[in-house]
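The two complexes that follow have subunit A in common; it is paired with subunit B in the first and with subunit C in the second.
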Partner chain A sequence: MKSVFGDRRAVILLLTPALLVYSLVMLVPVVWSLGYTFFEGNAINGFSFAGLDNFRELLSDPDAHAALWFTVRFALVLTVVQVAMGYLLSLLYVFVLRRASSLVRTLVFFPVILPTVAVSLLFQQLFEYAPRNGPVNSLLNVFGIHSVDWFGSSGSAFWVLIIMETWRSMGFYAVLLYAGLVDIPEEILESARLDGASGVRLVRHVVVPLSLPVLLSSVIFSINGTLKIFDSVVALTNGGPGSSTTPLTVYMFQTSFSYGEYGYGSTIALLLTMLCLVVTLFIFRTSRRDTTKA
Partner chain B sequence: MFQRGRRTARLTAGLSIVAAGALALSACSGSDSSSGSDAKSGPFKYLSFSENTTIQDTLKTLASGQCADANSKAELQVTTQPQASFDQQIQLLAGQGALPSIFPAGNSPSVAKELDRSSSLVDTGAELEALGDSDDILPAAKSTIEKLYDGKDYVLPTELNVEGIWYNKKLFADNGIEAPATWGDLTADAAKLEAAGVQPFAADGKDGWPLTRLIGNYIYRSVGADALQAVADGKAKLTDQAYVDAAQAVADLGAKGYFGKSVGSIDYTTAMNQFLTGKAGMYYMGSWALANFNDPKQNQIGADNIGFVPFPTVSGGKGGSELAANVGVPLALSKKSYDSGSKAWLDCIAKNYGAAALKGSGTITGFKVNGDAGKVPALTKSVQEQIDSSTDTVLWFEALFDPKATTTSQTNAALLVNGKLSAADFMSKIQADLG
Partner chain C sequence: MTVTSTPAHARPTTRPAQPARRSRLRRLRRNPLGTVATWAATTLLLLVILIPLVWLVLGSLKTQNEILNKPAFSLPDDWFNFQNYVDAVVDGNLGTYARNSIVAVFPSLFMTILFGVAAGFALEILVWKGRGAVLVSFLAGIMVPGQMILLPLFTIYFNLHLTGTLLPLVITYTAIGLPLTVFMMATFFRGVPREIFEAATLDGASTIRQFFSVGLPLVRNAIFTVALVQFFFIWNDLLIAMTFTSSDDLRTIQVGLLNFQGQFGQVEYGPTLAAVCLNVFATGAIYLFLNQRVMKGLTAGSVKG
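The block that comes next holds the complex of A and B.
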């Protein structure tokens, strides 16, 4: 084996096919898309060089700014909520349910494997206001509260999206974080308990610092997933009411494929890529600093 | 010597492989589509919306009936593409010079205009004239097509839908009201229905367009039949007071609760169901809904109980009483694939599509009905008579908008009638997209 990896020709021979496929399906389209940001036009009448026009449009487009603001707000809130819920569930599995947690873990994980459209239809029915009240509004009526038009205003539609996505994904983060928690040596927990740490103090001073690497991985997973949210929004609110729940991904899709502005659509895609990159780098830097401190 | 011989043999073998490959490729490339008229044509390929089976069914019926000759020359081949991704597919095919023989002209008129600019479409108006089939296109259909496509005829009207207000005759009689002729009548009728506990209008606010259609019609009646063309030409703006007033008039209907609660949550099927189960007194819709009205399973109020009036006039308005119309899913023909087979099909479609569609699916088309159309329901017949007597039509609100302005208009319509967006802001948003 050592002689194979020591042979430069063998290494090139083994790496080339994979590198070629990766370049063709990943790098070429990315670079191609980057190139489109300097062009305008479409496949029918061809493309013409537009210089920095697409970037100027991005700076002055109120719809793009609204979509960016929604994306950032949605990603931050959802990341906090779904990772927090996942972490609480994982603590429940490890410290309360212990060996009996497998059934609960399976049940909570179940929504992860459901198709997004099915989940969205379910939540549309749950929060329905017209032509008939859904279960949520019926429940509110039982307590004497008036029905709410959940999808009629941007604020309530935002929170229905957050609730749906949390329900759909917390099982995944719970399992991910559970894997991190079970890795904490029992002896450390035991010695902490002997020193008098229990409950919230044990979690705060022992469990959280020891599970920080997996917690940060969850945050990176979550923020990148939520920044790129698409299908849930399209299926549940279709970006409405108006365009108040339209994230950058949906705006990019509409611009490129519905409005036929491929150049400007690619510019929005570039903005989204930069956003993901900056956020991920920020989290990596923060985590490195924290680990050193610990 | 031996070495040289081996090299020559290798070279010969290599060249042979390249030559064989070239031959195989040229065999795959097929014949030139612009072959002579006597030569066997390529297939007549129809790329259909997946969701629309009416046109493909009619074409299949024609292929085995009146268009059998054309079909023997160029066999009908149907493929489908979901409507949501249809425009992208057409753009892609046009970019590759691989458009099918006949296809829906996109989800908005701008796609066909773009194709026409690149000289990809057959001038069907000129071709039909050369074939002696010009009279087979109804004047109302021709008027609608020319308004939609900058005065040009490069699509075929597989539907001709007129739009207006359908009303429940029994509910009107029970409440002592008559079909509205003016906007004042309409609001008075709505007030009486509301007072009687009947929802005045059924409307699909989820998709938005049934609401914006009301705004468009109001503009045509109040400002004039060329009001939205003036906006497209940059001679007027949607933010001008007369245009904002139209949006305000429709917003007022919403403010009074005439569309029921949360119209933004009501989809097309629910709105149709509200009207056909007698829960709503009026319903603005196109004549394509006749298929639902004539279906006893869906229509619980009875087809005889449904009346139709054009959009009412507006007091002091400059507009006439033209019917709002559209040509449903207009079909375009690819210039590159246009050969003798396609020509035979075009001739046959012009002569026979109208009767075949009316007989097969009850669809009123923009083609003259030549021959047996079977038994036509009374409601369909009365609408068809209105269409036949119309020579001029008006378009819908977004007909001349670009796709972005269309999306803005339709996604904000529910906010307008729910009072969450002012009429001035609604029009400003659309005007911003129009530039």
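The block that comes next holds the complex of A and C.
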């Protein structure tokens, strides 16, 4: 029996294609990219050794700091907003709509699968200011509010990004959290109700603590995804106005391909990767400590 | 007399009725209001989701003049004006972009699934030294941002003279899809009772035979789910496609769409909306038939963030 499950040749035969492709196209480039951080130049003109120059530049480059700050701010705000919206929706599904929630769940999930570029072009038009008013500004006008140049200032562009991403993703987090809420045993809720807990108090003192694990994993997934935000920014604002909505991902792309600085681009990519790693480990740590305490 | 007698007569009946009335009131206050609030919230939610999509479809049927000079919420003059769609496909090159996407997506989807399922089987069912470490190294790949591998890959493809073809996309998509595929397939194989494979061993099946005749059929459904999830990730990708498509006739549908407005010189609203519409419908059609499976699959693959 053991010899069949431990058949060396079979292991090699089944694992090699995946491992080979994965190593050559992902693992080797990651190490290679680390090597680039000590060089200057690009694939077309060649490279020259630069020592720690790229790291020094990263420390003193105001654009990089702005991109880092935008990335962190965006990830934090979007994570809070989209997980909160998802949680509210999942509460609506579980406690209010109950069995009837299937259709609503399916419809609200729909934007999740749509191509980001398509959604971004749609939102560009929805929030359009000139040469004509899009539906959002028209709606504001109906209520007597002046049209807003949404993509004209960094503050409003930031919020349009948040609104679009929330529209796209709240159905996803709702379904993810729904799965966690459905698992809460009915007896616990019933006994809490008999003890007089209802409405907000029931949610705050019984439902939230019981769904904390799935809430935390949603937060991890969300932060991990939002730190890497690229498509929506490129397609919706292209980093503008100016470079005020440029995250690290887009800054890395511009540095590498518009300015041909592969070394510095790799250094920014490394910063991004470290950021994802640190955040994930940090949240894992705190969540594990919390569960052992409780 | 009759006037005073009414309250006097009513008094004894109202007293016992009071608690009943109060409780009914409470129920009235809670239920209908709660129901109204529920309906309002649900309706608002569905409007927020659906109005942009409805507006998109309406806009794709309007002429440039209608879009610029009529209110944003007006209905199209001619409901069967499909000129925008013709413009998007013919002048906007959407057909070429869609073909490129198909050529890039399906071979990589096939390979990532085949390799990933085999690796998942080898890592979860077979017993050998170091399998834990290999599984973890695959998992680490889920977290690595695409930016981290972009530049070395570009250098490699450039030096191999592959940049004028769609091969860089096929290769990169295959590799990028692997971590999640391996992770999900290993999870599914973990759910299969080992006794099934042990019984097959007693019947004299070799390991490779086990994989093809026992393992694969058992996780057929799971394979389909993972393939759907990967399809959406690859089809909707922008970063890889933007980096490795050097010329216009290599662009995938997402890159093509991104550069769409530039194609016409000025902003041509109708064709742009029509192109967005076609792109939305393509994935929407899949969702129409397979929504429950898509929802299950995407949330199961949520580690990808």
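FYI, the second predicted complex is superposed on the first by the 272 of 294 C-alpha atoms of A that agree within 3 Å, B and C clash if a C-alpha of one lies under 4 Å from a C-alpha of the other, contacts with A are read in each partner's own complex, and residues count from 1 in each chain.
Quick note on the criterion: contacts are C-beta pairs under 8 Å (C-beta built on N, C-alpha and C of every residue); 3 or more make two chains touch, one makes a residue touch a chain.
Please read all numbers here as calculations on a predicted model, not as lab measurements.
By the touch criterion stated above, A:I44 is placed in contact with subunit B and with subunit C alike. In the superposed model, A:P111 lies in contact with subunit C only, and not with subunit B.
Looking at the shared chain after the overlay, A:V234 reaches subunit C, while subunit B stays out of its contact range.
Legend: residue contacts after superposition of the two complexes on their common chain; A:P131 is shown touching both subunit B and subunit C.
Counting the residues of subunit A touched by each of subunit B and subunit C gives the higher count for C.
Contacts of A:G242 after superposition on the shared chain: subunit B is touched, whereas subunit C is not. In the superposed pair of complexes, A:S198 makes contact with neither subunit B nor subunit C. In the superposition on chain A, A:T286 contacts neither subunit B nor subunit C. With the contact threshold set out at the top, residues 43-44, 131, 257 of subunit A are in contact with subunit B in one structure and with subunit C in the other. Those residues of subunit B whose C-beta lies close enough to touch subunit A in the complex are 85, 87-88, 91-92, 94-95, 110-111, 114-115, 117-118, 120, 260-266, 270, 274, 402-404, 407-408, 411-412, 414-415, 418, 420-421, 432. Against subunit B, the residues of subunit A that register as touching in their complex are 42-45, 62, 128-131, 149, 151-153, 238-243, 254-255, 257-260. Note for the complex: subunit A touches subunit C at residues 1-2, 4-11, 13-15, 17-19, 21-22, 24-30, 32-33, 36, 43-44, 89, 92, 96-97, 104-118, 121-123, 125-126, 131-135, 137-138, 167, 171-172, 175-176, 179, 217-218, 220-228, 230-231, 234-235, 249, 252-253, 256-257, 262, 265-266, 268-270, 272-273, 276-277, 280. Only residues 38, 41-42, 45-46, 48-52, 55-56, 59, 67-68, 71-73, 111, 114-116, 118-119, 121-123, 125-128, 134, 137-138, 141, 143-156, 158-159, 171-172, 174-176, 178-179, 182, 197-198, 201, 206-208, 210-211, 232, 235-236, 238-239, 242-243, 253-254, 257-258, 260-261, 269, 272-273, 276, 279-280, 283-284, 286-287, 291-292, 294-295, 298-299, 302-305 of subunit C touch subunit A when the two sit together in their complex.
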